[in-house]
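Each chain carries a letter (A, B, C, D and E) given by its place in the written order, and its residues are counted from 1.
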Amino acid sequence: MGQLIGEATGFVSVPVHTPIAGKVAAVGRFPHPLGGEQEAIVIEGDGTDDWHESVVARENVDSLTPSEIKDIVRGAGIVGLGGAAFPTHVKLSPPESKPINTAILNGCECEPWLTADHRLMVEKPDEILKGFLLIVKGLGCERGIVGVEANKPDAVEAMRAAVSAGSGLKVVALQVKYPQGAEKQLISATLGRQVPSGGLPMDVGVVVQNVGTALAVYEACHLGRPLTRRVVTLTGNPLARPANFMARVGTLVSSLVDQAGGLEGDVAKVVSGGPMMGVTQFTLDVPVIKGMSGILFLGPSEIDVKSPDPCIRCGHCVHSCPMKLLPTTIEKFVMAEQIGKAVDIGLNDCIECGSCAYVCPSRRRLVHQFKYGKYIAWERKKAAQEKSEKEKKT
Amino acid sequence: MKAMAELVKGIYTENPVFRLALGLCPALAVSTSVENALGMGAAATFVLVGSNIVISLLRKAIPAKVRIPCFIVVIASFVTIVELVMGAYLPELAKSLGIFIPLIVVNCIILGRAEAFASKHGLGLAVMDGIGMGIGFTFALVLIAAIRELLGNGTLFGYMVFGPQFQPMLLMILSPGAFVTIGLLMGYFNILDDKMRRKAKAAEAGGGGR
Amino acid sequence: MRERLIVSASPHVRDDVSVEKVMYGVVIALVPALAGSIYFYGMRAAFLTLLAIVACLLTEAVIQRMRGVPVTIRDGSALVTGILIAFNLPPGVPWWIPVIGSIFAIAIGKQIFGGLGNNPLNPALVGRAFLMASWPVHLTTTWLSTKGGTLSGTALHGIDAVAQATPLAVLRKASDIVADPSSTTHQLVQAREVLTDLGSADTIVNLFIGNVGGCIGETSVLLLLVGAAYLLYKHLIDWRVPGAYILTVAVLAWIFGGPSGLLTGNALFHVLSGGLILGAFYMATDMVTSPVSPKGMIIFGVGCGVLTAVIRLIGGYPEGVSYSILLMNVATPLIDRHTRPKKFGEVKKSG
Amino acid sequence: MDLGQLLAIVIGAIFVSNFVLMRFLGLCPFVGVSKDSDSALGMGMAVIFVMTMASLVTWFVYNYVLVPLEITYLRTIAFILVIATLVQFVEMVIEKTSPALHKSLGIYLPLITTNCAVLGVAVVNVDSFMVTDLPRNASFIYTVVHGLSAGIGFTLALILMAAIRERLDLVDIPKSMRGIAITFIVAGLMAIAFQGFSGLKIG
Amino acid sequence: MQSVVAKSMIALTGMAAIFGAVLAVASRIFVVHRDPRVEQVLELLPGANCGACGFPGCQGLAEAMVQGEAAPNACPPGGAETASAIADALGGDAGDVVPKVAVVHCKGGLSNSVQRLEYEGIEDCRAALLVGGNPKACIFGCLGFGTCKTVCPFDAVELDEEGIVHIDRVKCTGCGNCVIACPVNIMELVSEDMRVHIKCSSHDKGAAAKKVCTVACIACRLCVKKCPTDAIHMDDNLAVIDYSKCTNCGVCAAVCPTDAIVDEIPARPKAVIGGKCEGAGKCKEVCPVKAIEGEPGERHEIIREKCIGCGLCMEACPTKAVNMVGALGHQRAKGGALESE
């Protein structure tokens, strides 16, 4: 367990470690929670649960240099556990032109229904903060802020209690508002800085890390353990016993469902992630991946099956958009295949949080159109690039 | 036979107003009564035929570089003739057509046909084209005018149609009525066209059934 | 668990709203005013409203059937249009006026553009403007006195030819007399008396309660405000449009509306009389035909206000609410184009 | 000449008897160039410029050539010649001196020669300000102001229409009504709305 | 009277002269170079500058036409003649390549393939794939939301109730829009005279493919073995036709156990052996379906029920005794293509 089984080749990728002790049984294509099929390794457990000999606890954690921290983080295969699964060591290595002065620990549950981050903060505040301190150190920045939504008083309490004086960390309780857990919104709420359109948090000197990631960093640096498990929320009315699991990466969702007492009601939709941004699954035979924060089960009465009505331009989507875009207009541009105009007014700024589609009285498929529009825009850009390259050659 | 085809073309398949959307200004402005429409149609037809004749005759003499100004002068001369004749013999009509008589000069149908047709064809075809386009233009005007006069004034050629009880829809005489009428007529022609095309297609498919 | 799970794009939960709820919310808000109208003008008001509603629904259904698209008369939008058309007519019009107006409104104002959501102009107002242009006599002379009240809001019958007119028409006539240098002294005295009476507290109260002549729906400001409060509470309309609209009219009426120079106008009278409240809360706020951005809404409201004031004070009609909203409807796409909210992060880079 | 009269001319030409919506002048470009807002604006600016210039020049031609020679019946020919020359001249100048301006505005100039609104404004000017016994300077100023405001009125209608059409582009108009047909319906509804300005009393 | 005429003449001529001179001088001073092709098209256009085309004047339209942004028939006043003249002027570098049409390499409709999920969203294949929504268990198959239909400018794609697209060969111009748009790459442009196609794109192993679709290619290799011209090869569990070698014989379609190969030639002619037969037996050797019998040296016979009309025997016969005769009077010409009598 914890042995390296997949080496990372690119910079924006991380190695994979075996989550259980056993032998490689097969390599093949299997359904992936994000759609399609991916190469995967099947490991047959040998019944033991021992860490591989490469896993050893570290004594001298305080003396680690920033670059050592980054190497450990990379070697442990740590990615952002908020959902996007972006390699953490990349985030910890901003270009020199973009100095980071603040690190934010994201304790806002990214979506309603999910409680993975919440439980983690209540149960492991010390470890999380130790991990966060390492992140702050790795970035070489001056301060670290822990942002927690105000509707989790116990988490705020736990984190405040764990913050030791002089650590330079600060815990702030934030307004409860979806999508408070989205990077750009979180930065705006805690620091009042707006990440420029098309930019990254590092453009305003900020790096945001999820609490789960902080815990993983702690485990990697202090205990020497690679990232092989994460907290997954199993929730939804059809579930017998909704719960949070510390699940090994690679565990099939179906076996987690068994652990949660199985399904009682009729299930119409299975969602990996939360109700606003999650990805629907067509089978339970998908593995837990590093970016999977939860599995949501929805019954037939909870999902919306009515087809869309015409847009009545009520403007609710405009008022609800956290990115201050015009969802209705963008949607119409996309539907009329005027992708260029859609991009002009901010299609690519959309974070697909789903707020607009949630409030739409006509139940229009706004987010789906945006995903589609972005895809077409990307495809056209690629085609244009290829064309210009070809022209250059001739 | 070719001459006949040119004639028919102007009336339906290439009707200047409904199909080509040309000469719209007078089509809307003077279509408040059928009488005005006929007057305008006649005037435009006269100018069309006249200028088509002259331009067709002169087509070899006019240098290509300055052809457009030459055409305009020819057309403007005919328009001035119409203006003067109408002012002398039909003062009432001239008054109700107002500035749209001089504006025949800039009616795209006339310049367009002069350039696109008359300057490239012989006298006979050019005359037929002029007549066809003229009749098509007049037909469109009269159609619009009939609808507007009937609904907006309850009359046709000035005669009461619905009797004194009828309360006319004044809007039709006003400018919105003109726009809405022509819009609906165009939509109707589109539907008609679609049907005919579908019929033709069905016949084709039926005939060549493999 | 189902054999085949549903796969779709996020989000997977939706707020409990729908087009029907929006539309029927507006209908509910209009009910008190309708009740008031029936009280003041008798059952004829109910009859005309019913005719307009039936004509709207039938027209919508027939056209949708002809086009071969799903018939959507249950979404309530045609119902709202029908009510609003009737609300914009004098209670004494012949029965066929609301019917023809409704047919035109739905056919030319809405369905020709493909139906709900596509029409650039408010269908009810299109219908009303069409009727106004076609049969002006019916729409300007068929007023009814309220039960036990007066038609014009003033008991004085000093000026000839305006005995059968609404408060705004009387105001216009009296102001014209005052402004006309050729008026006789007798006329001037009468006109000034009428003007004073129109500005009196009694008239204002009558206007507020609805005890004056006017269109079916615009009579009682009180009941309209009750409905408007419901709409605002339910978040079915935004405060910006009516707020900017009414405020602009009030300010302009105060500055320019007075008989004796600037800053002497009676703002309250102008706000309460005519169709301003009805228009501001129920027609200018029509979502389909008004801007979507907050800034655009303010511009829209102010524009409506300016146009209303212009038409009321120097226009050819005593009332300008419906025309000003229509004109701003025409300008809505332009406003939308130029009032896009600033994107999140659309800031100048700081250093 | 008085200011009230001038204001009445301005408001009249822009709103009350808008050249496009009320007088049916310049419909071809109104329908043709109202497909998108940017070209509508360019076209509108070009029309404003040409209408003003045309009013100015035709005033001189009428008063200093046609009237002294007593050949006012030739005004149609004379005006169309003047306008055609003027437009072509201006286009050439702009194309040479400012390619950027030409791109945004100049390319619309040729469209204007045969725009009946331009010849129309010249003819209307003659009828309302020149055959009457206005003093010469008043007639001149009214003529130019009228040309300018008529152009503004045309531009207003054009850009409003363009914005509406851009929006209609995005929705599902019944197939048979698409294009010019729906444009006319919209123009009709705009004209209905503009009825609100009728009877405006200025001055 | 005379004076009026004279004055008019003088005035008009004078004005014309002045204006002409001004313009002539101006055109010298303000000369700007233009694209000669634009000039050429401009010559052909009516020059009325009416704006009916929606472009800024004839100049604008001419530029748009040269740049391909406007069709040659975009000028309403010009009419058909102007349009054809412009089309000629702009030149057709169409060349003389064999016209191509699009082919759909999938026939797994609702009734013969397994659905694994219920998709709900935009009716577009690309949009569906973005949320993981290929409703077919076969991930290589046609999604059936008709993206190809939407992008087809010629209305040549039809979507049937089975959720499979078909190409109208008459309307298809081979523009390739559908090929680019298809997110699962099941469309291909193929020479118009190719009429036998493998209607499957599944790279699944035989058993797996069979499980999710009854008309899938199960990689049995029968077609590869039977193909008389070696035009078929296996590519990762999928039979693929090399169209440069294919002769439309249709043998593969006849042998395919799952009907994954489709022979589009509606009524194939059958072979008939005439009097010239000397019993060389070559036909019997080449016949892929054993539809010919006869002893060496004697006249051979065709078993009509078995003959699939591939025409191999005709080519093999040394005495040219075999003819292909079809129900509709088609006769097979040399090279394999069909020609009508």
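We take it that a contact is a pair of C-beta atoms (placed from the backbone, for glycine too) under 8 Å apart; a residue touches a chain by one contact, two chains touch by 3 or more.
Remember, predicted model here, so these are calculated numbers, not experimental data.
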How short can a path of touching chains from subunit A to subunit D be, counted in steps? 1
Subunit E and subunit C - chains in contact with each: A, B, D
Where subunit B and subunit D overlap in contact partners, by chain label: C, E
Using the touch rule from the top, work out which pair, B-E or B-C, shares more C-beta pairs. B-E
Chain whose average C-alpha position is farthest from subunit D's own: A
Chain whose Cα centroid lies at the greatest distance from that of subunit B: A
Using mean CA coordinates as chain centres, what's the subunit C-subunit D distance in Å? 33
Roughly how far is subunit D from subunit E, centre to centre by C-alpha average, rounded to an integer in Å? 50
Quick one: subunit A and subunit B, Cα centre-to-centre, how many Å? 67
Please report how many Å separate the Cα centroid of subunit A from that of subunit E, as a whole number. 46
Residues of subunit B touching 2+ other chains? 21-22, 68, 73, 108, 111, 171, 174, 176, 180, 187
Pull out every residue in subunit D that's touching 2 or more other chains. 28, 31, 74, 77, 81, 113-115, 171, 174, 177, 182, 185, 188-189, 192, 195
Going by the contact rule already set, what residues in subunit C reach two or more other chains? 4-9, 108, 112, 117-118, 130, 133, 336
What chain pairs are in touch here? A-C, A-D, A-E, B-C, B-D, B-E, C-D, C-E, D-E
Which stretch or stretches of subunit D touch subunit A in the complex? 169-171
Subunit B residues touching subunit E - in the complex, by the definition given at the top: 14, 19-22, 64, 66-68, 73, 108-109, 111-113, 115-117, 120
Interfacial residue positions of subunit E with respect to subunit B in the complex: 16, 20, 43, 46-48, 50, 52, 76-79, 81-82
Residues of subunit B touching subunit D in their complex? 21-22, 24-26, 28-29, 68-69, 72-73, 76-77, 79-80, 83-84, 99, 102-103, 105-108, 111, 171, 174-180, 182-184, 186-188, 190-191, 194
Would you tell me which residues of subunit E are touching subunit C in their complex? 115-121, 127, 130-133, 135
